[in-house]
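As structure tokens, the structure follows; a few thoughts come after it.
As written, the chain order gives the labels A, B, C and D, with residue 1 at the start of each chain.
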Amino acid sequence: MNYSKTFHFPIQIYYEDTDFSGVVYHPNFLKYFERAREHVIGADILAALWQDQGLGFAVYRSDMLCHDGVEFADIIDVRTQFFFESKYRTVWKQEIWRPNASKPAVTATIEMVCMNKARQLAPMTPSLLALLSQSFDSVVTT
Amino acid sequence: MNYSKTFHFPIQIYYEDTDFSGVVYHPNFLKYFERAREHVIGADILAALWQDQGLGFAVYRSDMLCHDGVEFADIIDVRTQFFFESKYRTVWKQEIWRPNASKPAVTATIEMVCMNKARQLAPMTPSLLALLSQSFDSVVTT
Amino acid sequence: MNYSKTFHFPIQIYYEDTDFSGVVYHPNFLKYFERAREHVIGADILAALWQDQGLGFAVYRSDMLCHDGVEFADIIDVRTQFFFESKYRTVWKQEIWRPNASKPAVTATIEMVCMNKARQLAPMTPSLLALLSQSFDSVVTT
Amino acid sequence: MNYSKTFHFPIQIYYEDTDFSGVVYHPNFLKYFERAREHVIGADILAALWQDQGLGFAVYRSDMLCHDGVEFADIIDVRTQFFFESKYRTVWKQEIWRPNASKPAVTATIEMVCMNKARQLAPMTPSLLALLSQSFDSVVTT
């Protein structure tokens, strides 16, 4: 398994993110993970992919572990790595870190599939594969 | 101004609706008002209108007053009346009532416009106008 | 593993639930699962548990598989079963079924822990355990 | 009426922000306005105000006009000005601008009140008033 480099994306926690228990409402973590993935690929690239080629990404599986509560006014660091499983699938390993934490508050493995507008599996385009491949550190093979 | 009859729609308040201050996060009230409007018109009718005729409703203006906090586990009563301003526009007077309250917790006036998929103003269809007209009590004129 | 009976909870899909791809935005499925769990336990019981005893439930793990898109105006059936793992933990097997479907659109296994307001693990109260135990069909053993 | 200077706050539009009509779901605009207000005051200051003094801000009134749809991948500019109505109340004039637009997509007037944890009106603290007063351009009076 060849993982991409780690991407960092900061997110501020607002009123809207919390619930009356005082911490972030857990489905919102999936939103943060998606925002971070959109920044890895590029929202403008995702928009063009949808409009020009009718392709998009859908979450097939998300397995998330919540180790610690995240609080209002926190600025979290969303850490993201991914690998290619096939030309249809990418798997994303993502974590949420609170400021000054020694371990992640939330960890997740999220499997994405590429789909057309009829919601059928579709291969990622060569240009998208090329773009995403830039996220991998160069490997020297001899 | 000829208002429709009053529609009642109950909504349960869940974790997802609150924020860390302990009460409902205010933008969610606009969601409840929209759910109630969708039940007046019929979600299946709205879905068909979009798919078959490319028409939908958009909020042009929402003026909302929050008088009282709404709490987790409340079952609120969303009260809805509307009137036709033109064949393009409807105006909705909506209120949120907590259980056993003597006055509404939230009140709003919401102006909706009918639009096509290019987001241009479009007249409501005759069948939609006929449907919505059934919400008005018959008026006896002599 | 002794599973509870299956609970059914209907949820209507509104505008707010979808995204521009035309189907339900995936983190919302976690909201629906939670609403259904709240109905199994009782929102008023959860509210009293928090206010009177400072206890609440937190999602420790959610593992979700999205098999099919769910659309605007669908009325889904959320099916819920759970079992006790310990006096601190319950595990919930939940599914989302679209109307007339032959298989679930979404399936999930969700692990809940009971916590106090300091976010430390706390045992469920005897009355809560007794309440939840009523969800199990009587087992005849000979 | 003495308005503060104009604050600018950029927000990226993600999947989560849109609905199946293809544009931002209107209650989300109220979220963006609140995020922008939180950045004017400072989320850490709001968090401390709540924890140390039991004070928070609640929306009393929001009057919003939606002139234009906002789309996925847009990076909007939220423009914010406010004035003091009393030591209990601030009024916020906020706008959402799409990239390269010649007029705002959404405009709103939002009235905030300062409240204690019992949800009673409370005056803003002197330090908060002093902080917010820094947002006003110096006025030369002769």
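The criterion applied here is as follows: a contact is a pair of C-beta atoms (placed from the backbone, for glycine too) under 8 Å apart; a residue touches a chain by one contact, two chains touch by 3 or more.
The chain list, named the UniProt way, goes like this: A, B, C, D = Thioesterase.
Because the structure is predicted, anything quoted here is derived from the model rather than measured.
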Chain located farthest away, centre of subunit A as origin (C-alpha): B
Pair joined by more contacting C-beta pairs (A-D or C-D): A-D
Between subunit B and subunit D, centroid-to-centroid distance (C-alpha), Å: 25
Averaged-CA centre spacing for the pair subunit D and subunit A, given as whole angstrom: 29
Cα-centroid distance, subunit C relative to subunit D, in whole angstrom: 35
Touching two or more other chains - residues of subunit D: 15-16, 20-23, 27, 31, 34, 50, 71-72
Category of the chain touch graph - line, ring, star, complete, other: complete
Subunit C to subunit B touching residues, read off their complex: 12-16, 31, 34-35, 38, 43-44, 46-47, 50, 71-73
Complex contact set, residues of subunit D against subunit B: 20-23, 26-28, 30-31, 34, 50, 56, 58-66, 68-69, 117, 119
Parts of subunit C lying in touch with subunit D, wherever the complex brings them together: 15-16, 18-23, 25, 27, 71-72
